[in-house]
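Next come two complexes built around subunit A: one with subunit B, the other with subunit C.
This part shows the complex of A and B:
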């Protein structure tokens, strides 16, 4: 198939960016969206043009590196990561808009590449269990009910791609943060730091410039891993509980 | 060494011995080593800086643990976040000799299975230690909040994996690697936040700095600004993963690369068993020339799926139109007792053979059917869906075919590399102060890795082994500053900068991708699933030509002072073009078949792989002598005191 691509090109974080139009031909419907961009880049290199920069790595939908706004939707029309989106979901002759994640806390680095290091700092503020190597008790010392383990797993599936932030009109990171808070707070292993974790992570999230949550639900709709919207309510309860108990962050 | 000696005319140097390994009964060696290793006083640890390259299971675990102990850690990853290292993509599980099932498992049995599974090309001391540590790993990960699968009673669930007879594989749905990696990443993040780890994301190691014979730092490029920086330390740990991407198409992440290990090799670290590469039988076949990587599906599919191809070559009818008596269930036919569950290497080769006969299915004839029709008839669709639903969904997403109705198509793909930098029992390479952990080293899997053992080894090395053994090195080498203007530092940084400049200035007419693809196809054909003397010699002739053509015709757009993904790629291919040559030479010299290395000339009467223990029960550690120059082979003899070599048989 033949397509018209309108891609955001921006040379540096400071430089102004613009949508630039490219025509691509001979696209197979079995290509992934990133393979289609590979194809474009090969042509750009040979024609003496600059290839389009984009983040990607595992191309299996698990590393969370890739992500672009395709026709106004984070990761495009299917509920999956950009690397797992295939060209069969488009039609010959389509015009496709491709933009980077748009959020105050994710500054553009170049073209479709953004800086998501704010996520790492949110995790570093409390998204862990303090258990230095070697200090762990025997694994079966604390049984965990299956339902609790499954709930933790459901939230632990987050891949940190940032689609939730990109999809949110406020650029909020509530879904990302709540996924980690719920994963660790429901487990007995995470209980000792339950209060400080949620207080510290929410404070770090606010410091990074993410917006507030107004319950639009766009985040959970865009999430390729299906982190549920209730996760945010769950985190709010954890937050309230910590405050009521007079908890303080570190 | 004459610069005119052909590459294949290698010489044999002094034998290599693992002087760090203690003697005595195998079960007591690790305790003995830990006791005899010198310790660094806790108050002195912050004076020592350790560089860790990579943030996967091994690197993430090591960085966090070293910082917890009080060392100053400076860590690097090329990804934008340490959470994205490719360990994240591991699906199946992690082995541990917990014996929670009371099914006869033990440390000794895991040790035995791993030595045997590695086709008797791994060290007993290392493998025993791995089995011992396996139980501590599970404790550590559970305490971190890793949500392993559990039973209704709240205890951990396990499953049987990779053809072993005990149930010792712990798992978190099909995302065990992700969950274990996030555990390590969170521990690392805690140390980054506490100031114990200075993290450099989007920064790629380009070279190793060796001062007075010891590893003292690295040259790295900030991938955003393009700045080339030197970082100095008291020791350097490489946790940069395997080199499977030399094949271009593999299940590795697109940016996984061999530059760190290969540059270390060029600086004096011997490279061991580079021809030991693992092919995974159940990957989704390529759909065309645009294919950029291959996706693996858990081999648990072989428990219920039946593998077949048409009996007649060139039969292009749709699978449903091929009657039962015109199908060849070739694994069930050739291996009646194991059937579709034969080990990875055997299943892979058999698929290649039927495709070579012209009986392959799908585009290009590079695929075989994995059919669930019988399983659906026997168990019902709901049961199949409960067991394999996520895999079927993934398959359908990629191929647009519904595997409940049409048989899946699968084909083998490069998946893991057992070879890597040679290390002693302390995980130290032949360059003092340079350590290699996880897939980057060669140590524990011999010629073939068992399923669910990669995660075990990465975490064993990172959480437990390296943090114990590196103490000994640091205690014996009190901190001495290397000045930033030391000639060795400037030289390494200058060489790295020169190489990038040459790439940018070449101004040719071929893209980096085109060279990578060409090299990968050559290696896949001649140094892939089965290897022959003539094929390997052909590859050894072709690789230097390709290298020459690369420098003549490469085109890298843009500049070095910005984010330039094509420059990163081209620079990695430079190293692949040398590593590929060593892989072929290693494969050529090892005229036996063992594990993932199958030489067509070395077969039993019934056509199976024939090991030659009298000649080849050694680790082949290669010493670099110059690009394109014949390397020197150092042999480390392997002795088996506890697990006696036997020929594998699956007939």
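This part shows the complex of A and C:
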């Protein structure tokens, strides 16, 4: 396959960036999108140019490091991460636009790399459970009903890639935060901090400068892990419950 | 101690709710639902216009005497007006503040453009502004009668017909009611989400209810200027 790529290039966080056009040839449809970019970078290095900077780590869709907006969609046309997106979803001769996540809370570091540490601070504000130290508790000490375990697991699938923020016209982190809140709030292990968790994580989310939710649904469409839009309603429910209870646990 | 955790909760609960995006949205949802409930009652009352001047003017008179002798004349009316005014203001202020925040949270646009979200969702902000302007005109026209061509106190039927007899007034009214339908279509479902009523099981029912309410209000309100323009109401 031969492709025309239009990629956002930006040398430093302060420098103005621009979409820059590259022609790549000899792309196999079995390559992942990142391998295609590797291919481009090899050519750029050989010709003495600066390679395109992008984030990646596991390359198997579980770490959430890779993230870029491809043709206006977070992680591209398929419901998967960029590292798991294959070139067979494009056609020979296509022009592909590649841009970094766009959000005030995710400043561009370089090219396609953004600083997502805002997510870490949201997690730090409430994404934990209190456990007594000592020997490991007996595995059956706290029974978890199957439906609750499934619900928690569905939300635990969030890999924190930031596609929801990138897709949201308001740069809102509601889907991410709700995945984290619901994951722990429905489990008995998370019950002691149930109220303070949602209040603290929503406050941290607001402090980072993410926008509010207008229920456009763009986030859930973009999410590579299929976190449902209803998670946001679930978190709102937890939030209002915590407010009514005056911010305590349980 | 260098503890990074937030130990002290903001002193006022109402203040912290209003400061948070989730709390402010809840305020928008509640005030929106108050206005929506009012609109359903308002529309049903207004359809009395199809039963003639006597019945419609009698209804207008009744609104002023509801609750008597327990309430004084017009107390109910003024209580409703106060609740609606507070709702409109809170809804508008919250929408303005949240919109400013939302726009600031996405300073750079994508070079690759594509429409995001449904039409009803994308038109919430400007649709809301249009509805706000409409409310001002509507009150000046049919409540205070400031800009009404007939302007007879206690004769709402004649005032209404005189106003809608001008085609451009009816056209503006109909356009505003279409905007209302779009606003309610997204707004009702969104309010349910915001108040935590949404769930995978209820989603279809909520969307159906939102579309039903939007269609009912739009058709019900539009029927009145159409009735006047076609001479059914005169």
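Quick note on the criterion: the second predicted complex is superposed on the first by the 242 of 250 C-alpha atoms of A that agree within 3 Å, B and C clash if a C-alpha of one lies under 4 Å from a C-alpha of the other, contacts with A are read in each partner's own complex, and residues count from 1 in each chain.
To be clear about the criterion, contacts are C-beta pairs under 8 Å (C-beta built on N, C-alpha and C of every residue); 3 or more make two chains touch, one makes a residue touch a chain.
These figures come from a predicted structure and were not determined experimentally.
Of the two partner chains placed by superposition, subunit B and subunit C are both touched by A:124. Residue contacts after overlaying the shared chain place A:243 against subunit C, while subunit B stays out of touching range. Contact comparison for subunit A: of subunit B and subunit C, B touches the greater number of residues.
By the touch criterion stated above, A:35 is placed in contact with subunit B alone, subunit C being left untouched. When the two complexes are overlaid on their common chain A, residue A:1 makes contact with neither subunit B nor subunit C. Of the two partner chains, neither subunit B nor subunit C is touched by A:24. Once the two complexes are overlaid on the shared chain, A:210 sits against subunit C while remaining clear of subunit B. Of the two partner chains, neither subunit B nor subunit C is touched by A:191.
Where the contact sets of subunit A with subunit B and with subunit C meet, they give residues 124-125. Taken in their complex, subunit C has these residues touching subunit A: 4-6, 9, 13, 16-17, 19-26, 98, 101-114, 116-118, 121-122, 124, 186, 189-190, 192-200, 203.
Those residues of subunit A that touch subunit C in the complex are listed here as 6, 8, 19, 69, 71-73, 97, 99, 102-105, 124-125, 167-172, 174, 199-200, 202-203, 205-206, 209-218, 228-230, 232-241, 243, 246-247. The residues of subunit A lying in touch with subunit B in their complex are 11-12, 28-32, 34-35, 38-39, 41-42, 44-46, 48-51, 53, 55-65, 80, 84, 86, 88, 109-110, 113, 115-117, 119-121, 123-125, 127-140, 142-146, 149-150, 152-153, 156-157, 159-160, 183-184, 187, 189-190.
The touching residues of subunit B, when paired with subunit A in their complex, are 61, 64-65, 68, 79-84, 86, 88-89, 98, 100, 136, 138-140, 142-145, 147-156, 172-173, 175, 178-179, 182, 185-187, 189-190, 192-193, 199, 201, 224, 253-256, 287-288, 290-293, 295-296, 394, 397-400, 463-464, 467, 509, 511, 513-514, 555, 557-558, 562-563, 565-566.
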